[in-house]
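The same subunit A turns up in both complexes below, where it pairs with subunit B and then with subunit C.
Entry: the complex of A and B
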């Protein structure tokens, strides 16, 4: 069989903020770019981001990038790479100004400059007073950014493949990635997109867990594609639980709600964060607040009949301010809970939100893997950016507002590096039919008929297993059980069959391949969590309650082939300033 | 609870038909949205096709016609719907399969209004200044999620999809006309002139009625008309 082929300079898989920022930079540099997305670009998950994007503009309160850097390193529980963090924080103001020039409708303050709100983990003067660093377009910042980037890409005539599902990367014998095997969902037709450079920007994997704040499409496809191409995933044990997901449902209430003055109370009406974080209180880092809530609930001080949540109060705030600064959140709570945040508190609980780990890259977005020469050999022509990547600027815990920043800064950085690479590598490497067709089997496998396990059933079980055995509090015993349960589900996947074998817009087949991806990433996550015997950032082990810098100040790498773990050092040396050495973390 | 859902797979069906589904009362939880029900139905019948992503009304994937009215399944509460719940694809667009329509006409109209900021000044080192009241002009415009509920409920769009731009695109046209940073007002207005592109709107207000984000395309269209009149003097 001869698969149809299309050729581009660069293939970008993913049209969220990361993919679109990179695409824009490349299109403006006259590179031929193909952007492949399984949903129409503005339906990507970036659209859901609410609170804002961090940059030390100092529009509201004094600020500078070095303080932002300190907060990010501390927030990461010292697992973040300090060269990448310095790079990101220095680049942040420019990244935000660019967005404004592209047309993002940021909220404004009286003098006409961009409005910035207070977010968790932000300080002035290296751990001092609260800072206001999060640039916001009301509480629809992600929507405003994603739509604007899409609009600018239309203007730049970027080539879009909307509703195309990337199935696997194409890799040659020498290890070069030559593009991807993709399927047009509407027709079921498959083809190869050949590219001199490939950027993976497929976003996070919140769907691993039963209750999460993520879109249904966040199934970690790019991460799983990387694993299958022999690339390890880094720091997958670090899964962020957002303190304020709507209890039992998962929709997010942005940290912006606490930034504007909201706070949490337990069943006794106590503002309990004062006990856990005397200075920052409700605006401590997310891992700290989530653990505090979980501790309150375990201590029997949760609210409601099941005592399984706490309350977020905004009713003491000016309701006009809420309508103006948090309109979409108020609407959402009205829709899903039938209550008005202006006068009634909302039930919230820690909810899976963000994937700190991902495909290992350096600060140019190049994918790096351990090879003969050292732990961070680049893979020529292969890049990753955004939530699917691990640069690592978030380390063990991401600060709110730093992810939109991450996707912008490293989307652009990757594009800039690609431009240089293309200048030196002018021709496509040859791709044999055999290499091109290797992935056909993955698709053909779903033609199998007859009775078998249902995809929906397996997905539900996986979500439950991950939630129960890889949640906020972890122990060796729980995680061991988690591994064997996920392994069992992976085995049962072999028996799964579909009823729908049609070609045209077959959503069942797409969901089946997404579940395969989730299974691969689930194994990476629980095995990494089992292996890290300390508590750091979002990874909290009851059997190893302390951070152990002597043994564990290092990144983990999970390999799919033999389900093994390896480690590499943290890059503790910044680009130009002094390093921030690990210190005890208090807020 | 009973559902009657439009089915059509061009590979196997000669023509579309309505399929009845029943969800047991035990499967219905309080606060359930229509999307949850569709997902539950799909768990039993994986051949049912519809789009969805965010589940909270921000991505615009799951616009459909629900008991005769366009809306987003993910923010339509089940208990507010009369049964049997009749679900059809958005009207006026070609059906690819089941509840999935081909939105290319809608997207083409969107691209036709050049929905991007045009500012030809040298790029400043910092942000453009925009006062809070100038910024307020964009409220009720920039929030559009391109779900197409409005355009596919607009009779003028059904009859003239090639010529009339439809409410969603015109809302976006006004979003840029209303932006104090945009400098292409004259070109934008020229492009909208003529008997069809803008003026086919007969202010029937269907669009306003159905917009799940509470936006008001009719008002935006009115603003564009006013501005055109002003410019012609």
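Entry: the complex of A and C
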């Protein structure tokens, strides 16, 4: 079979903020760029970000990039690479001004300068008083960024393949990535997009867990494509949980609700946070509250018939105050639960929010893998940026407002490196038909007919297993059980069949391939979590409650082929300033 | 696949959005409310899906009401399905 082929200088898989920022830079430099997205670009998950993007502009309070850098290193629980963090924090003001120039309507203060919010984890003077570092376009920052970048890309003649699903990377014998095998969802037609350089920008993998704050599209496709191309995933054990997502549904109830005086109770009506954090109580940090809730639930003190959540109470507060200060939260709970927070508590549980781990890259966005010469050999022509990548600026824990910054700064950095690469590599490497057609098998597998496991059923089970065995509360025993349960699900995937074998808009087939991706990333996550025998950032092991810098100040790398783990050192040396050595992380 | 099933699949993909809230509301409506719509209302639902996420979220959370009466009716129907 001769697959249709299209040729571009650069293929970008993903049209979120990361992919679009890179595409714009490249198109403006007259590169021929193809952007593939499984949903219409402006429906990418970046649209959900409301809080804002961090940059030390010092518009509201004194600030500078070095303080921002300190906060990010500390927030990462010292697992972040300090060269990349320095680069990001220094580039942040420019990233924001560029957006402003492109047309993002940032909220302003009276003197006309960009207004900046105060977010958790932001300090002045290396751990001193609160800083104000987050720039926002009202409460739709992500939306404003995504739409603006999309419009600019249309103007710059970026070529979009909307509602195309990337199935796999095409790799030649020498290990070069030559593009990707993609399918148009509307028609079921497949083709090869050949490219001199490929950038993976497919976002995070919140859908791994039953309860998460993410959109349905966040299935870690790019991470799984990388795994299948022989690339390891880095630091996958670090998954950020938000303590108050709506139980069983996932929508986020922000810290604001507790900030205004709300508190959590278990099935006995006990305000249990007093036991876990006598000082800060319900306003302790995200990981502390999440762990406390998980402990209550595991101890049988959860609420509801399934005893699987706790309650967030605001009914003791003045209802006018709730209507005035927390209108969006009240509306959301009213819409989904038909409950008025003014007089009824809401069921909440720790909810997966963000993926710190991902495809290992350096600060130029180049994918790096261990080779003979060392742990960080670059893969020529292959790049990754955004939530699917691990550059690593977030280390063990991401700070609010740093993810939008990450996607903008490293989307741009990757594009700049690609421009240099294209200047030196003017021709496409030859791709044989055999190489092109290898990924066909992955698609053809879903033509299998007959009775079999259902995709929906397996997906539900995977979410449950990950939540129960790789959640907030981790021990050797629980994780070991988790590995064997995920392995069992992976085996059962072999028996899965589809009822719908049509070509046109066969969403069942897309969902089946998404589930395959989730399975691969699930193994990476649970095996990495099992292997890291310490507690750091979002990874909390009850059996190893302390951070252990002597043995574990290192990144983990998971390899799909033999499901093994390897390690590489953290880059503790910044570019121009002194390193921040590990210290106890207290707030 | 029959014609109506294909078009339902197409809508299913249009209901994949960038926000969890919209995913849940739109997909639940597609499963439980859509089949009860008149042909004209089906068209309005498709039109609704053409709006950006930031607009849909305002409407579906009840913070704003669409100026277009027909769209407003569908928005109410979706909100109604969500809470039942």
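Definition applied: the second predicted complex is superposed on the first by the 487 of 587 C-alpha atoms of A that agree within 3 Å, B and C clash if a C-alpha of one lies under 4 Å from a C-alpha of the other, contacts with A are read in each partner's own complex, and residues count from 1 in each chain.
The rule is simple: contacts are C-beta pairs under 8 Å (C-beta built on N, C-alpha and C of every residue); 3 or more make two chains touch, one makes a residue touch a chain.
The structure presented is a predicted model; accordingly, all values stated were derived computationally and were not measured.
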Subunit A as common anchor, with subunit B and subunit C clashing or fitting: clash
Subunit B versus subunit C as contact partner of A:106, first or second or both or neither: first
First, second, both or neither for A:154, with subunit B first and subunit C second: first
Touching partner for A:301 - first (subunit B), second (subunit C), both, neither: neither
Which superposed partner A:5 touches (first subunit B, second subunit C, both, neither): neither
Touched partner set for A:334, first subunit B, second subunit C, both or neither: second
Of subunit C and subunit B, partner touching more subunit A residues: B
Touching partner for A:217 - first (subunit B), second (subunit C), both, neither: both
Subunit B versus subunit C as contact partner of A:498, first or second or both or neither: first
Stretch of subunit B penetrating subunit C in the combined three-chain arrangement, among 171-179, 207-215 or 225-233: 207-215
Overlap of subunit C and subunit B interfaces on subunit A (superposed complexes): 39, 42-45, 47-48, 140, 143, 147, 186, 215-217, 249, 251, 328, 332, 335-338, 500, 502, 504-508
Parts of subunit A lying in touch with subunit C, wherever the complex brings them together: 39, 42-48, 140, 142-143, 146-147, 163, 185-186, 212-217, 249-252, 327-328, 331-332, 334-338, 500, 502, 504-508, 510
Contact set on subunit A toward subunit B in their complex: 39-40, 42-45, 47-48, 96-97, 100-103, 105-114, 137, 140, 143-144, 147-148, 151-152, 154-155, 186, 215-217, 249, 251, 328, 332, 335-338, 454-457, 498-500, 502-508, 511
Complex contact set, residues of subunit B against subunit A: 9-12, 31, 42-43, 45-47, 49-61, 75, 77, 96-98, 100, 102-103, 107, 111, 114-117, 119, 123-132, 134-135, 138, 142-143, 145-146, 176, 179, 181
Contact footprint of subunit A on subunit C as seen in their complex: 1, 5-6, 9-10, 12-13, 16-25, 27, 52-54, 60-63, 79, 82-83
